[in-house]
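For reference, the structure is listed below as structure tokens.
Chain naming follows the written order as A, B, C and D, and within any one chain the residues start at number 1.
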Amino acid sequence: MVPELRVPHGADFASLTPLMPLFLSYVLSFVYVGIYWSNHHHLLHAAQRVSGGVLWANLNLLFWLSLFPFSTGWMGENHFAPLPSPVYGFVLLMAAIAYDLLQQCIIASEGPGSILKRAVGTDWKGKLSPFLYIVAIAASFWAHWMAQTIYVVVALMWLVPDRRIERVIGDAKP
Amino acid sequence: MVPELRVPHGADFASLTPLMPLFLSYVLSFVYVGIYWSNHHHLLHAAQRVSGGVLWANLNLLFWLSLFPFSTGWMGENHFAPLPSPVYGFVLLMAAIAYDLLQQCIIASEGPGSILKRAVGTDWKGKLSPFLYIVAIAASFWAHWMAQTIYVVVALMWLVPDRRIERVIGDAKP
Amino acid sequence: MVPELRVPHGADFASLTPLMPLFLSYVLSFVYVGIYWSNHHHLLHAAQRVSGGVLWANLNLLFWLSLFPFSTGWMGENHFAPLPSPVYGFVLLMAAIAYDLLQQCIIASEGPGSILKRAVGTDWKGKLSPFLYIVAIAASFWAHWMAQTIYVVVALMWLVPDRRIERVIGDAKP
Amino acid sequence: MVPELRVPHGADFASLTPLMPLFLSYVLSFVYVGIYWSNHHHLLHAAQRVSGGVLWANLNLLFWLSLFPFSTGWMGENHFAPLPSPVYGFVLLMAAIAYDLLQQCIIASEGPGSILKRAVGTDWKGKLSPFLYIVAIAASFWAHWMAQTIYVVVALMWLVPDRRIERVIGDAKP
């Protein structure tokens, strides 16, 4: 889910310098994959049963996450060029939508009185993130650093771990 | 089980265009792998015990699935050329036969009154798919788009999740 | 544990031909990895407790198995050249010794009355294989096809699944 | 977590020779990854519950371990050149600090009377290792073989498996 950091041919600092944008993109994507891994872990743990619909919503999420190495590598290797930055944001946007679909799918399969629904609550982060990604995609055509800044801000916003599900369900060891 | 999407050198739309056939093949194979992953998950969950024969039938299936990155990459990178398209279909055909063998192997190991046998029922999808793959392989020598169309149709046919096993067994969380 | 099959540049049969030795090596290694995976699965399932020594014996086995992609690729890409064939056999030999060490380590940790010891019995396959690998390595300097033949024969010898452990322990689903 | 050993083009001993530094680095990193895998396994097994903080401390450790292929490949492919050797040590240092943070995080989440705290004891290895890595990084600017020697010594120091946690908790099969 994270791109490979190819080994440079030289052995000095100068040969590391062109790798910096890829490394920064790598760190950013590693954090995003970590956020998804951690929340996805709690989400599936909360699901009482796995229906066919949930399996497909999960596969849809995995599809968009599987594009992270491509979009990260393309953005990093081209030093945040005009087109790769919004494409990176588009993959983030689709993954966020896919995560929300999966969450709704699990809640729907649990019927009324869903524990997950109570745990998720208003989910302001899940509602704000897609909006911020769209702003970032639009901004990237104006100044690419604005897009990168928004991607970092959203990641930091999620880095505060999602204690909601944990609080309601998570006393058991996963 | 899915080919790597190599990062193009350019950073504009023109450098993405030649990737489109590979990307479409990637999506198709991702769906196929997802179908196998989901059904395989239900299948092994239904198996009461894993005998040596089941392990080998499972390994045979994994072997053909392990060729997906090669056949997908070959078809996609050559823009659906005359030979790679039927080879892709051949790998799909062998995987379908291997899946059927695994299913029969598990049913046989369960003896009479097999829960899985009841769950699988007539398995018309499992019987129709190999036939359609053979049609696609034959058609690909005439017009490659016919083969691709059939591959997509079979995938869509399976996308309706296999609720049979789920209905009989699957109330428990896997 | 199995080498990557790189996609050839051409799209005709002629571009597949040079891949044949690599593909045959790939199939051979896939079978070997499958044999180890299946028996290793039964072996660890039989282990009552995992001591530090067992973990390291396991890591030693994983180390030699991790060299399979290299030795397979080197033998296949060089079309069974004089040096890569015995190197392939050497890695097989070391993996076989490592497997035997792991087995002894688990038996030792179980103390007298070890269930695994009874299940393994005389283990004539485990004793014969290293001897055959040494013969193959020696023969490869004379005629490489003799080495390949022995590798195939040993694989076929193991393909008959190891029902010993299964018989004594394996009624439970793993 | 371990770099890929690329297959050389030639088929003789001469084509293996330039691979030796990479192979030695591969073995060293394989041992380090094995040490982390084994101790990490015991550590998480000892953790009674996984809080959000623990998940992030775990992700931090995984991040530094994910840089092993890069740092190993860079050091090995450049035959222990002046810069890659201390960079390899820096990644080892950060992984050691991340492991210690994860351990403290789990102990803190267990509150007073933590079983893990008792199991870990004085943890002289965990305290000595970062110090030795810093010495190795400093020494590498003077003579690179001193750094490599220290990396090997620390690995050997850890190869004696960590029986502390095992002794207090580990009678159950993990």
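Note that in this section contacts are C-beta pairs under 8 Å (C-beta built on N, C-alpha and C of every residue); 3 or more make two chains touch, one makes a residue touch a chain.
Predicted, not measured: the structure shown is a model, and the values here were computed from it.
Novice: Using the contact definition stated above, find the chains touching both chain A and chain B.
Specialist: The common neighbours do not exist; no chain touches both.
Novice: Do chain B and chain C face each other with the same patch, meaning over half of the contact numbers show up on both, or with different patches?
Specialist: Different-residue interface.
Novice: Could you find the chain whose CA centre sits the greatest distance from that of chain C?
Specialist: Of all the other chains, the one whose centre lies farthest from chain C is A.
Novice: If you average the Cα atoms of chain A and of chain C to get two centres, how far apart are those centres in Å?
Specialist: That gives a centre separation of 39 Å.
Novice: When the C-alpha atoms of chain C and chain D are each averaged to a single point, how far apart are the two points in Å?
Specialist: Each chain reduced to its C-alpha mean, chain C and chain D end up 28 Å apart.
Novice: Show the residues in chain A shared as contacts by 2 or more other chains, in ascending order.
Specialist: Within chain A, no residue touches at least two other chains.
Novice: Quick one: label the inter-chain contact graph as line, ring, star, complete or other.
Specialist: ring
Novice: Can you name every chain pair that touches?
Specialist: A-B, A-D, B-C, C-D
Novice: In the complex formed with chain D, which residues of chain A make contact?
Specialist: Within the complex, chain A contacts chain D at residues 2, 4-5, 7-8, 11-13, 27, 30, 34, 37-38, 41, 159, 161-163, 166, 170-174.
Novice: If we count contacts the way the header does, which residues on chain A are in touch with chain B in the complex?
Specialist: Residue positions touching the partner: 3, 47-53, 55-56, 59, 62-63, 66-67, 69-70, 73-74, 77-78, 81-84.
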